[in-house]
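Below, each structure is written out as structure tokens.
Each of the next two complexes has subunit A plus one more chain, namely subunit B in the first and subunit C in the second.
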Partner chain A sequence: MMRAIATDDLRKTYPVVERPWWKPGKPLRAAPAVDGLSLRIPAGQVTGLLGLNGAGKTTTIRMLATLLRPTSGRATVDDLDLVKDAREVRRRINMIAGGERMVYTRLTGRENLWYFGQLYDVPKAQLKARIAELLALVGLEHAADQRVERYSKGMRQRLSIARGLINRPAYLLLDEPTLGLDAPIARDLRAVVADLARDGVGVLLTSHYLAEVEQLCADIYVIAAGRLVAQGTPAELTTMAERQHTVEVSLAAAVDDVDHAVETLAMRTGAQITTGVDDDLRPRYTLRHSADLAGELATTIVTAGGAIARLEVTPPTLEDAIIALADAARQPSAVAS
Partner chain B sequence: MVTAWATLKRNWLVTRRAYPWSYFIGTLGPGIFTVVVALLSYRAIGGGRVSAWFGASSGTSDYLGYVTVGAAALMFTTRMVLWVAKAQITEQREGTLESQMLTPAMRLPYLLGVAAQAFITSILELCCLLGTALLLGVRLPVPDPVSFAAAILAAFVAVFGLSIPISAIMISAGEAHITQNTLFCVVGLLCGFTFPAALLPAPLTFLGELLPATAAMRVLRAATLHAAPIQQVTGDLLICLALGCLYAAVGLLVLPHAERRAITRGASA
Partner chain C sequence: MRHALRVIGAEAFKQHRRMFGGPLVVFSMLIWPALQLAITYYTMLPLLETPGIGERWPVAAQPVRLLAFLATGAFAYMFYFSLVQSAWHFSFERISGTMELLFLSPASRFALVLANGTGALVQNTWLAGCFAVAAATASGSLHVAHPGMYAVAALALVIPALAWGTFLNSLLLFSRDSAFLYTLLDDPLWFVAGVRLPLFAMPVVIKAIGLAFPLTSSLAVLRGALLDAEPLSGVAGPLGLLGVLCLLLVAGTATLLRIGEARAQRTGSMQLY
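Now for the complex of A and B:
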């Protein structure tokens, strides 16, 4: 048995009203939200699913959570078919979405977890201990017997996280789980997710906080318009998009020879160069190149008799890469890698 | 049955904390109004007597009893539909439909849990209506306990069955008010709650017979107004149970599709 969530050529289309029904022609058009997606989310690892808004991330997660049926293609959880074996799949998965909903506001935190524990058939003997464990995990012991309507947004989200773990899922689908959470709580959640993965849980994560994705994900899928455009580790994706390093140098004082030396370096390497002054009115050079030219630039300046007051290198980020990959996918000639 | 019990307990807690007074008044008001108007017309216009055609078509000359039982049954139907049929759309509005659908719990026990809590609450509310009717001078005979219990069961199955496809329609359409009010108009007109269904044109009588509430109404009246023994109501009881189960089966068949449609609408919006 393959311990993973796997999708093969998964598609989901939504009907879109093209024209009023009384006008000639087809009134509905099938708009693809997910278009032939093949993914593998193994157990014991956090896998990222990234893309710009409308890329199809939430639709993919909802299909994997059995909330939506694929239009075509196949998806399995530990070899169980997502459609045919939906009930068994639901025992093995859970989903946590950003925002504070998904819990009953007129029940207390403890009552919410008790109710969902019952729906998941958590054995009575274990449920009480499980609830206490989860309330401690998300830091809600003090508010366990308070009605959720009196909770803050962050508290509701933390309860929602506890709800998502009540059935000890083998796979956890996280759709923007830290949305609206304070930084310390988001950090704690990231630690929980990392621990879960270490304990063998397969996690699929979508997030707009790319630092979170870089920190947690071993493997990332990038999708645009429902199609896979790239896959790899955060480092691989960052280089895949061929974004440029930016080196910015400010001199202590202007030196004529430095001007000439830096321009020569730029011409030789093919780097883009911008000259100007910084906020303290010191001469400033900015070089952009796919390679990091910081060392070479510093040597050139010092050799030419200049004194460096400030040097800053901005490497290409995952965010740049995602935007670049998504932009590239929008071009007609784009090919999925 | 774990799901049914848990849902009953959940709804009980929620209702105790936020009892929907507006629904209660909205359904008790028309019930009392119906009894009061019937009482006034019976005394002031009818002079305390009913015409022969009413007796022939309803099978009783106890007009006030007839109307009170009908008003109580209509209130029971309305309240049960408001709880059971609206359960899923309420989950959707509160944002808990997805967390509900993520669980392996089946829909039937979930809805039975909702219905059980609705039944207990509705019976308590019915006591308010019947108490008011008694204060107004309406007198009902002591029913046969077995057929009365069977009639209550029949009414429960009928309204529960009817509520499930209505729930699917509500969640699929994404609205509740038009659907519920249309249903209330249809059952109020066709099922013989406040006047004998036999007075309706034949096609409407036929349509009324397709609704399980019509047979349930006959069983309830036979049990409460005529103290009929169980043998006398067996036919209507079976019709009512069969139709209730049929509606429930159809509803349970279409409900998952309706739920996915609701999720799809949310996803594509």
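Now for the complex of A and C:
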């Protein structure tokens, strides 16, 4: 048996009816939200699913959670078919979405977990201990018997995480789990997710916080317009997009020979050059190139008689890469199939 | 089955905590039906002086019997209307974002809607039920052919009410517009079901519509068994109709749940409001 969530050529098209229901006829327009996606989310690892707004991340997660039915293609969870074996799949998965809406506010934290434990048929003998364990995991023991309406946003989200773990899911689908949370709480949640993966849980994570994705994900899928545009580790994706290093240098004082030498360097390497002054009105040169030209630029300036007051190198980031890949996917000819 | 029972218990508990937060709610559970009964009784009182009314409707000739007639109507109506409210409240799960969590779980969908109705029924009616039994016993207005008829009356009220509630819950689970339930099932329900007026006084069309509502037959059994000392054979007609209606409601619920969930999975409408 393959211990993973796997999708093969998964597609989802929402029927969009743009006329009143009493006027018969087929939907006028169909909007493809996911278009032939093949993914593999193995157990014991955090896998990222990235893309700009409207890329199809949430639709994908909701299909894997059995809340949406694929229009075509196939998805399995540990070889169980997502559609045919939906009930058994639901026992093995859980989903946590960002925001604090996914709990009952007039129940206490403990009661919420008890309620969902009943829905998931967690054995009675284990439920009490499981609830205590989860409350401790998310740091809510002290507020366990308070109504959730008195919880802060962060506490609600932590309770939501605990709810998502009540059935000891083999796979956890996280849709923007740290959305709107303060940095320390988000950091704690990331630690929980990392621990879960170490304990063998397969996690699929979507997030707009790319530092979070870089920190947690061993493998990342980038999608745009519902289609896969890239896959790899964070480092692989960063280089894949061929984004530019930015080198910015300020001189202690203007030197004519430096101007000429830097322009010659830019021309020779094909770097994009911008000249100007910095906040302290010192001459400034900015070079953009796929390679890191910091060393070469520094040597050129010093050789030409200049004195460097400040040098800053900005390497390409995963965020740059995602934007670049998504932009490339918008061009029809560049979209990966 | 064991899992379904756990779901029912959990759902009833959740509903209790969500909707019965304070003592005023419990107070209103008694005061509301009592007020309804008082309003109806004092509205009808002047009519009792109409010459010859006792010949057309013997109940009207005796104020205690009239009160018992109206009280059974108010009591049974409360059973059914509490389920309308429960379904309406259930639809709010869509707003609060918790509805999809229910469908994310492996819990039986039928158990979920049945649980919601059961929870609402027990919680909304226990107090008025105790009060009604005490009042009926004290006033001596109960006339029963056989002690077993108490059970017949209770079952004829509870089981169809649950089937009704389950159906309404499944209906609203996939509808964003729940206000229509109040419009359709508040005043029309008591009007067509003979809650405050005897059905023979209604036009044929209203009687026919009334038969489609299980409340009508529940009331016929309740009044026949508890007030008119009818034996089982005397209420066999409405009991049979109740059986048919229950089967239709359960079948309708199962169908609606299947169609509704499939539709939500196709359109993604479960998270929309």
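Criterion: the second predicted complex is superposed on the first by the 324 of 337 C-alpha atoms of A that agree within 3 Å, B and C clash if a C-alpha of one lies under 4 Å from a C-alpha of the other, contacts with A are read in each partner's own complex, and residues count from 1 in each chain.
Please note the rule applied: contacts are C-beta pairs under 8 Å (C-beta built on N, C-alpha and C of every residue); 3 or more make two chains touch, one makes a residue touch a chain.
Everything numeric here is computed off the predicted structure, so don't read it as measured data.
With subunit A as the common reference, subunit B cannot sit beside subunit C without a clash.
Contacts of A:Q157 after superposition: neither subunit B nor subunit C is touched.
In the superposed model, A:T76 lies in contact with neither subunit B nor subunit C.
Contact with neither subunit B nor subunit C is seen for A:T178 once the two complexes are overlaid on the shared chain. Of the two partner chains, subunit B and subunit C are each touched by A:V103. Residue contacts after overlaying the shared chain place A:L68 against subunit B and subunit C alike.
Contact with neither subunit B nor subunit C is seen for A:T60 once the two complexes are overlaid on the shared chain. When both complexes are aligned on chain A by C-alpha atoms, subunit A residues 14, 59, 62, 65-69, 87-88, 90-91, 94-95, 99, 101-107, 111, 114-116, 118-121, 163 touch subunit B in the first and subunit C in the second. For subunit A in complex with subunit C, the touching residues are 14-15, 59, 62, 65-69, 87-88, 90-91, 94-95, 99, 101-107, 111, 114-116, 118-121, 163. Remark: subunit B residues 2-3, 5-7, 9-10, 13-14, 17-18, 94-96, 98-105, 260, 263-264, 267-268 touch subunit A in the complex. Residues of subunit A that touch subunit B in their complex: 14, 33, 58-59, 62, 65-69, 87-88, 90-91, 93-95, 97, 99, 101-107, 111, 114-116, 118-121, 147, 163, 167.
Remark: subunit C residues 3, 6-7, 9-10, 13-14, 17-18, 21, 96-98, 100-107, 262, 264-268, 270-271 touch subunit A in the complex.
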